[in-house]
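Starting off with a structure, shown below.
Labels run A, B and C following the written order; every chain starts at residue 1.
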Amino acid sequence: MSGIGRHLLSIEDLDRAGIERILDRAESFAEVSGREIKKVPALRGRTVVNLFYEASTRTSSSFELAAKRLSADVVSVRSIGSSVEKGESLKDTVQTLSAYDPAAIVIRSPHVGAAALVAGWTAASVINAGDGKHEHPTQALLDVFTLRRRLGSLEGASIWIVGDVLHSRVARSNILALRRMGARVTVCGPPTLLPREIEALGCEAKPSLEGLSQADVVYVLRMQQERMREAFVPSLREYVQRYQITSTHLDARQLLMHPGPVNRGVELSADAIDSPRALISDQVKAGVAVRMAVLYELLVGSPVLEAVA
Amino acid sequence: MSGIGRHLLSIEDLDRAGIERILDRAESFAEVSGREIKKVPALRGRTVVNLFYEASTRTSSSFELAAKRLSADVVSVRSIGSSVEKGESLKDTVQTLSAYDPAAIVIRSPHVGAAALVAGWTAASVINAGDGKHEHPTQALLDVFTLRRRLGSLEGASIWIVGDVLHSRVARSNILALRRMGARVTVCGPPTLLPREIEALGCEAKPSLEGLSQADVVYVLRMQQERMREAFVPSLREYVQRYQITSTHLDARQLLMHPGPVNRGVELSADAIDSPRALISDQVKAGVAVRMAVLYELLVGSPVLEAVA
Amino acid sequence: MSGIGRHLLSIEDLDRAGIERILDRAESFAEVSGREIKKVPALRGRTVVNLFYEASTRTSSSFELAAKRLSADVVSVRSIGSSVEKGESLKDTVQTLSAYDPAAIVIRSPHVGAAALVAGWTAASVINAGDGKHEHPTQALLDVFTLRRRLGSLEGASIWIVGDVLHSRVARSNILALRRMGARVTVCGPPTLLPREIEALGCEAKPSLEGLSQADVVYVLRMQQERMREAFVPSLREYVQRYQITSTHLDARQLLMHPGPVNRGVELSADAIDSPRALISDQVKAGVAVRMAVLYELLVGSPVLEAVA
């Protein structure tokens, strides 16, 4: 048993063997995505529902394409232009969509715990594509996939996660996944934006960039502009001064990551984004292969790799 | 000749044999939808256009999935984000879309008679997915399908339709379809929400729930909140008191239906929705199979059932 | 070598041989679109991204259907409901979508030069589906396709383009394409709506409809209502009086075109729209075949026609 259940709601659903099985499968799908005919028949005639209650380009199009490259029929429901506007509850919407007997429901919601609720209302496999500030497990998996490709192993690697850790589902899922893979994680940002219980997750917390040179990987979070208004940060100018990562922070050995979309000139300087140390486009590229792997592992499971090709 | 023409604009387009042929076909597609590979090649390479001028999740996704499971290419046009915003007229939009030579156009519109207009402007088969308060024939067909599965035959069955009958296209199409199938229909609701000419359709009208115990099926309509503002109903509180269906209204023999989405606690109590008498999710599930059958019967027609499988 | 590069950003990317190759290919796809199974496997397993930053029905659905009839997987991203709302820059969006390794990106933007920028950021073939008031090359190709079918050759034909030439990407692309094909082009409209440098493009300019009888083809542009507010035109009433084309302007030999959607009763009278001289629905119909041809020529290229069928 390698730790992959029916749903992917949280990285906590996966043990290290489960993560590694998904990453291995993703390697085979990355190879498929490099072919001219980027398609396998694995999910032919099965239905994948994408249910997005928040604006999204990269995550929604990445899941949509992953499902299509597995030959599934995809139905996308967005809060805009749907009955969700009529005040239909999430439960009713999920029960409606479940009546189509989908193989999987991919759900993004602004509410913590939404994906777990959905899993209680449907016989489909549920994949959490982001639930409020809680988790975004496929983002963490694609980040770990990207790093494993570069570093071979994450065992003992030092990863600094910089920025608004408090409100970041990406940070939370990454901390869990990186720890599972044996990495050492340091979180860094204004104390108002670091959760109090962060050290319980096995991280070190730092209030400044001092010591960043020891990191193997600098993972920069998106700064939500609204945090300024909410007074978590004194001013944008001060934030940029104290926490913006520029290419002068990085030596030739360090890798730079960001979940996108980047606020150019806020959390990252333009020269850092465009530096050869930046893995940002590798991360996006990994998204389709990793999501194909997650869909495959949840819905098809154990058959040997040859069956995919 | 079994009463299925080129379009499905109204239940009046179908005689009893036509309805039964669609229901029989839907049985075979329900079987397809129960398979792992929920797909038949019946409409491969043909185009189905979904043209939705009103917010909708269940109807639009149900038609989209029905067309995809028949292997059609589907193009969905919504009023949001389309030239409809530029003030393009319905006629121009339909003529544009017709130039693609679609096999079918599925149209939902807030205007009574919109589907019939569309049928005059295109060589495609037109399916009315709801035109104002006029008709919603595929909803009625899926309701009759659901009931036929439970009751065997609708001949002589007593169906009570409760709520805002006046503004309900679902009520209108169901009355016509249920009558065609030999059922006895009673409509029940505040007198301001029952159409004056209702008895001409062969129904009985009741101003209160008294006598509901004789019904075999209680079909509850969605209460549009805006009717309160328009003063058709004195107050939500009074409406709930007089017309809300709770599990205490239902005996072990009676079936409960609702077209969805339900206003929990308004026209239906939570315990009624979740009771084993409720066929609400069966209705939604029937939606895909019945819409596959309608598309199939309009576009492919008479070939024997074996050709579908 | 017949003048078709990797992208289609402007008609200037095509020489006459290139245009003719696309039109010839479009003839074969028009034949496919007339079959019951309107589908060829040319782009199976390849990905086409539609990125639309402006409301559109006909262009977006036409490209979507063209890609689907070539068996491509299509991902559509609109500014509504996507990260574009979060202020993500065009560059970031394109780099994200490029990470999926699409074969083509179709882009519509309100900004002049957007498609050329996109071409600098991606390895995909880029097709300009309209960039501000600059160009809309596939519209011009489908117009030339429609005319070539009617006239055999455009060599020496006289085409009048009537209306707001100044703000029209359709006018600009058509002038270039029609000139390439040997036609004589006259532009006609209020002097405030004719670009100063128009005669440098090899056109004649006319401030009134006088002389229209010598035209073989009258191509009427859509009048954007907002131009009235911007005071380019004294009043709608005066514009209609001086420039509206009615059936009395057209003799039995002249053809009428319009890129749609038409403002009925503004630039065209209802009787002109519905006259047998009008090619408006032929233009729309040509759209799918021509866009299939453009996708095919950019992505598959030289193989002989038989390979398509």
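Note that a contact is a pair of C-beta atoms (placed from the backbone, for glycine too) under 8 Å apart; a residue touches a chain by one contact, two chains touch by 3 or more.
This structure is a prediction, so every number in the text was calculated from the model and none was measured.
Participant: In graph terms, with chains as vertices and touches as edges, which category applies: line, ring, star, complete, or other?
Facilitator: Topology of touching chains reads as complete, every chain touching all others.
Participant: Residue numbers at the chain A-chain C interface: does the shared fraction exceed half, giving same, or fall under half, giving different?
Facilitator: The interface is built from different residue numbers on each side, given that under half of them are used by both copies.
Participant: Could you grab the centroid distance between chain A and chain C? Build each centroid from C-alpha atoms only and quote it in angstrom.
Facilitator: Using C-alpha averages as centres, the distance is 39 Å.
Participant: On chain C, where are the residues touching two or more other chains?
Facilitator: Where chain C meets two or more other chains at a single residue, that happens at 80-81.
Participant: Which chain A residues qualify as touching chain B in the complex?
Facilitator: Of all residues in chain A, those touching chain B are 44-47, 49, 73, 75, 77, 80-89, 92-93, 95-101.
Participant: Please give the residue numbers of chain B that touch chain A in the complex, ascending.
Facilitator: My answer: residues 33-39, 52, 55-58, 60-62, 64-65, 68-69, 78-81, 260-264, 281, 284-285, 287-288.
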